[in-house]
Amino acid sequence: MSLAFLALALVCVVTASAAMISRNLIHSALLLVLTWIGLAGLYLWAGADFVGFSQAIVYVGGVSMVVLFAVLLTRRQRDEPLVLIPEAGVGRVVAGLAATFWVAALLVPAMVVAPLVQRAGPGPTLTVKRIGELLAGPHLVAVLVVGVILTVSLIGALYLAAPVTAEDQPEWDNGGTGRDRGNQEEPS
Amino acid sequence: MSPLHLCLLLSTVLFCIGLAAVLVRTSAILVLLGVELMLNAANLNFIAFWRYGPGGDDTGVIFVLFSIAVAAAEAAVGLALVIALHRHRRTIALKAANQLRG
Amino acid sequence: MIGKGLLQGLAVTARNLVGSYHDPDRYTTIEYPEVKPALPEAYRNFPFLVAEKAEDPLGTLRCVACQICEKECPPQCIYIVMDRDEKGKARMKPKVFDIDTSVCMSCQICVEVCPFDAIKMDQVFEIATDERFNALLLHRDQLAKTNTYFHQIHPTEAAEVDARLAAEKKAAEEKAKAAAAAKAASAKPAPAAPANPTPPPAPAP
Amino acid sequence: MTTTSVPSSESWLEVAPLQARDALLGLLPESLHWIASSVLAIAVLVGAFGLMFAYLTLAERKLLGRIQNRPGPNRTGWAGLLQPFADAVKALTKEDIVPRDADKVLHALAPVSLVALSLIGLAVIPFGRHLVAIELDAAVLYFFAAGAATELSIFMAGWASRNKYSLLAAMRALAQLISYEVPLLLSVVPVVLVAGTLSTTAIVAAQGGWAAGFWPHWHVLTPWGFSAFCLFMIAALAESNRSPFDLPEAESELIAGHLTEYSGFKYALFFMAEYFGMAALSAMAVTLFLGGWQAPLGWLEVLPSYVWFAAKLLALLAGFIWIRATFPRLRIDQLTRLAWKFLVPMALLNLANAAFWSLTAGWSGPLQAVRWAVSLAAVVVPFLLLSRSLFSGLGPRVYRYAPS
Amino acid sequence: MFDANPAASPSARVRKVEPSSFGFQPSSVPPPAGGGGDLLEISLGPHHPSTHGVFRMNVVLDGETVVRLKPVFGYLHRNHEKLGEGTSYLGSMPYTDRLDYLNSMTNNWAYAIAVEKLAGLTVPERAEYVRVILAELTRLLNHTCLAGFLMQDCGCSGTPLMYAFRERERILDLFESLSGSRMMCNYQRFGGCRVDPTPAWLAAVAQLVDRYGPFLDEFEELLTGNEIIMARTQGVGRLPAALAVNAGVTGPMLRASGVGHDLRKVDGYGVYPRLNFRVPVGDHGDVYDRYMVRVLEMRESISLLRQALAALPGGPVLDPKAKQRGLRPKAGEAYGRIEGPKGEIGFYLVSDGTANPYRYRVRPPSFVNLTVLEDLCLGHTVADAVIILGSIDIVLGEVDR
């Protein structure tokens, strides 16, 4: 196999596992960004330029920002040095890993046994014009649906994340969970 | 071990890392990152099959494009939920998000 | 049209950019060490003591150590000690005349209040020294400069001062001559009248 | 440099860089050729743009000085020519202070990644007829993928220096970058729509030729093209934190923004990244709108193509400096409102305008005038409406005098 | 982007936080009412690049908006008034240059008027006209400098400031060739001026005045119409007329809020009643109005200078009978004030017949105008607070004395 593929694969696996193990949320987010860059490299290696670059723009440009903003907004105190996370109990770790290995045990032999039709030689060439024609042609409906999904999710995310102002504060939710009063005047 | 098998193996490894993270970790954000990783592993499969498969058909690539777009939307909504959760419960540990009320 | 103000602003800066190459009004920098600034005649910096003759500046100082400038100087940066001969009689000359230029704010009040035009404002502004205290305390010998130097730096003012002094001297001489004539007249009818005291020495020429 | 064969018809000046490259590669064995050519391309790019960065800082200080009626640096070397090297030595010799509880890795990684990301965008820009580092099919997408990642570096800089103000400033810088990423990309889409391709060399080729002998086919000379060019430049100003939008380092607020905890060479790296980003965005603007290396007039083709590209690039950079000398700074809320309420709507309408333009390509004679009129109206009318709503309540005032 | 309609003005949106009393210790400040959210407390200055000299603002921010602002100054206090009691009347004159070190001529004139009132001295005609010429030149200089500094706070990288300083240098050259020093002129005396201006000097003033009109046109072309400046300054730091009058604000800042009070018209000191000029008044009282009122005042000063130069009579420039050195005014008190470029600058002197004043009090316009800083900044962002401070036009020499 080509050296490039092995290098990229190594990068992806190492950074992904480091991201998932790391205790500092910011470090894990940034390491995951490295994984996404590795994956974009893999797509370029496979010859799908357009996908590689769109992966770079969407994930490294956009999603990483959303993740980092989310991490910063959910810190408990203002200047918590390390965004530490309470460690999971041993039982949970063992159960999780067991389930994962069980799934892996299912997938890998299936993959090995499957009669895959291989095509040797250089991969298919993919031009932007070809993608354009496909998107505008048979997949036009899918493009519009994805557009709607994106808009809906954007508005939904905004509504969920925006701080709830006083007036639409439901009366029954004044439980003592130290709920942030938002901008409401403190009844002195 | 043909190149296709190697690609599938790599995506399986990534998928399992994501799954392990989802199952083990207690922070909501890390679970979302795990899910994100699993989605990326799936995309890698599509591209692998497009590259080494019988070929002549590019729907795999198109599917990956849509999958990236939807995954971005999903990440945005997921993290909005996490922020809303944080505002309610003052913490993003998954333990706190087990009641349906609130 | 919304962008109009912004475009006008750009036009002004462009005009200044081009103007700075040909219009002297739009290129006002003087590269100091190489090009000395043209100081106006009235420019004043630290004071100096006016001496009549160049060969013996300390001897022919106009200053009579009357200490008016020492009292009037707002930041009190002048220090004068009268020169007394062995019998203790004042010799109307400053033995010590120090100006602490680190305190002096060159406000020329001393020049204004000096009745003898003995202290004038200098135009030397490159007086930086590496040594903080003593070098900035100017003594009598560093302060004394000749009247001709005064003419060089403040020609009109020096001319006025000289004219006034000459007029005063002439007036003093006439008074002295008139007094002498009057004395002579009074001396003739009453030779026994006591000789009136010689007029007080004319103020330093 | 692309490995295409060298047509012999053009003037030898045009072909000189390629012949030099082939001569150099000739020294190496055949197997190393593709490595050597890419290394050579990288070396030339980094060298050329590094030198241009050095003299861009000098040009900026000299132009700014001349605009403010003063000479600008002229003490180091003849007329200040050695000033950039003096600055470099100063930056290198300055002590590099890293806050004690800063995140050492991220703190060092931020400036390096910023410079790297600003530079890799230059790989797809055609500097001359044959001078393009990589001939990519989706070149424009590659350029903006590299640009999008710079936000990460700024976040790292802000977060790693563990300082309340630099984190706040990093947040503001990110808000600005993200809200100007959208109009930047949207203003490029019309060009891709009309040129029909994402490849930069094809876009430049599409702008070749002259209508009626003197009117070049550049995109900027069409109504939608000029509007897209202005939107692109405004967004580019914001992306590279230049004058009306240089909020992060606004000295009147949080002192040096996310650069507060940097000193020495890392601080110089940030500036280098800013200038590279500015140069890369200007180079992309030249490629997309000003006809890349196309000569403005037919008989001017005698000058090699890369000279024309350099001339246009330097003109745009001079524009950056000119704007920095003239305009004050916008507030953070005005800045984001300008992006979302003015630039994004204008860019979307411009997209429709470009679609109309490309559909009516066939019109000729009187219809051509109608086409121009409609396209012009589609730019001017939204501009007036949007700017009026943007500027409600503001405007010059009339002053009265007290009754004496 | 720039909705400047008063209804939604920023201060309306902020939660009402009572302005702090002076016993305010920043670190121990309890979060204001309606707590919640994390308040960020930053201190702008004393060596912050945008404060005009050594001045510090303790700002408590809720997110972006200023919730509480306490000015802290006194870093440049030189005990000016106690010194005044120790030195003779003439000895204090050079110290008045150091009060508002941008406008030494008007400081001198205010002090001279106070002493003339105290000692009952008369001033010859020519001296009155020379004083008006110098005061109006100082007004030009001060307002040009202000415009330059204000635009520097708005973010222009130095261009308007350099143009302003280029013109200021020309005026300072005039002062230097007349009084001997650019900024520390020490030129006025009790009963007139120290040096009689020469015809050559007067010609130079006439030439400067003729060139100043075109410079102002170019300066306004660069700034007044600029949309970004309008966006940054219109509707920011709005000072209602009632608050201005109650706080004792004077000068262009008061006139920008709509109150047409100008001492040159009210007191009619010097020869101002004989010269006709208008007093520009703004209606909104925001930063843009303060800038525009000063620019219009500069145009009035140009016409005033022309009239004064034309009507300049001959005769002595100093009342010969007036004693400068040993001046001992009879016991009593006097308050002399003039319309300085920054507002009403006044000197209150109490004499007990000796050579030194018993009480020597300065009424500094910058200090009094500064008291409304917090009311102007509430509800604005830090960037606006910096601009509002710039528009009040303070000089720390005068604020701290």
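Residue numbering begins at 1 within each chain, and the chains themselves are lettered A, B, C, D and E in the order written.
By definition in this document, a contact is a pair of C-beta atoms (placed from the backbone, for glycine too) under 8 Å apart; a residue touches a chain by one contact, two chains touch by 3 or more.
Predicted, not measured: the structure shown is a model, and the values here were computed from it.
Peer 1: Counting hops between chains that touch, how far apart are subunit D and subunit E?
Peer 2: The fewest steps needed to get from subunit D to subunit E is 1.
Peer 1: Which two chains does the highest number of contacting C-beta pairs join?
Peer 2: By contact count, the leading interface is A-B.
Peer 1: Closest chain to the protein's overall Cα mean, using per-chain Cα means, please.
Peer 2: Answer by centroid distance: D.
Peer 1: Could you work out how far the Cα centre of subunit B sits from that of subunit D, in whole Å?
Peer 2: 35
Peer 1: Centroid from C-alpha atoms only, then distance subunit B to subunit C, rounded to Å. What do you get?
Peer 2: 88
Peer 1: Using CA atom averages as chain centres, what separation in Å is found between subunit C and subunit D?
Peer 2: 63
Peer 1: At what distance in angstrom does the C-alpha mean of subunit D lie from that of subunit A?
Peer 2: 30
Peer 1: Would you please write down the residue numbers of subunit B that are in contact with two or more other chains?
Peer 2: Residues: none.
Peer 1: Where does subunit E touch two or more other chains at once, residue-wise?
Peer 2: Where subunit E meets two or more other chains at a single residue, that happens at 159, 163, 166, 222, 224-230.
Peer 1: Specify, in ascending order, the residues of subunit D that touch 2 or more different other chains.
Peer 2: Touching at least two other chains: 67-70, 164, 325-327, 390-391.
Peer 1: Give every residue of subunit C touching subunit E within the complex, in rising order.
Peer 2: Within the complex, subunit C touches subunit E at residues 2-6, 8-9, 11-13, 15-16, 28, 40-44, 68, 72-74, 105-109, 112-113, 121.
Peer 1: Looking at the complex, which residues from subunit A come into contact with subunit D?
Peer 2: Touch residues, subunit A against subunit D: 26, 30, 33, 40, 49-50, 53-54, 56-57, 60-62, 64-65, 68-69, 72, 78-79, 81, 127-129.
Peer 1: Considering only the defined contacts, which subunit B positions touch subunit A in the complex?
Peer 2: 2-6, 8-10, 12-21, 23-27, 29-30, 32-34, 36-37, 40, 43-44, 47-48, 50-56, 58-59, 61-62, 64-66, 68-77, 79-84, 86-93, 102
Peer 1: Which stretch or stretches of subunit D touch subunit C in the complex?
Peer 2: Touching subunit C: residues 63, 66-71, 322-323, 325-327, 383-384, 387-388, 390-391 of subunit D.
Peer 1: Inside the complex, what are the residues of subunit A that reach subunit B?
Peer 2: 1, 5, 9, 12-13, 16-17, 19-20, 25, 28-29, 32, 35-36, 39, 42-43, 46-48, 50-51, 54-55, 58-59, 62-63, 66-67, 69-71, 73-74, 76, 85-88, 92-93, 95-97, 99-101, 103-104, 107-108, 111-112, 116-119, 123-124, 126, 130-131, 134-135, 139, 142, 146, 149-150, 153-154, 156-161, 163-164, 173, 175, 177-180
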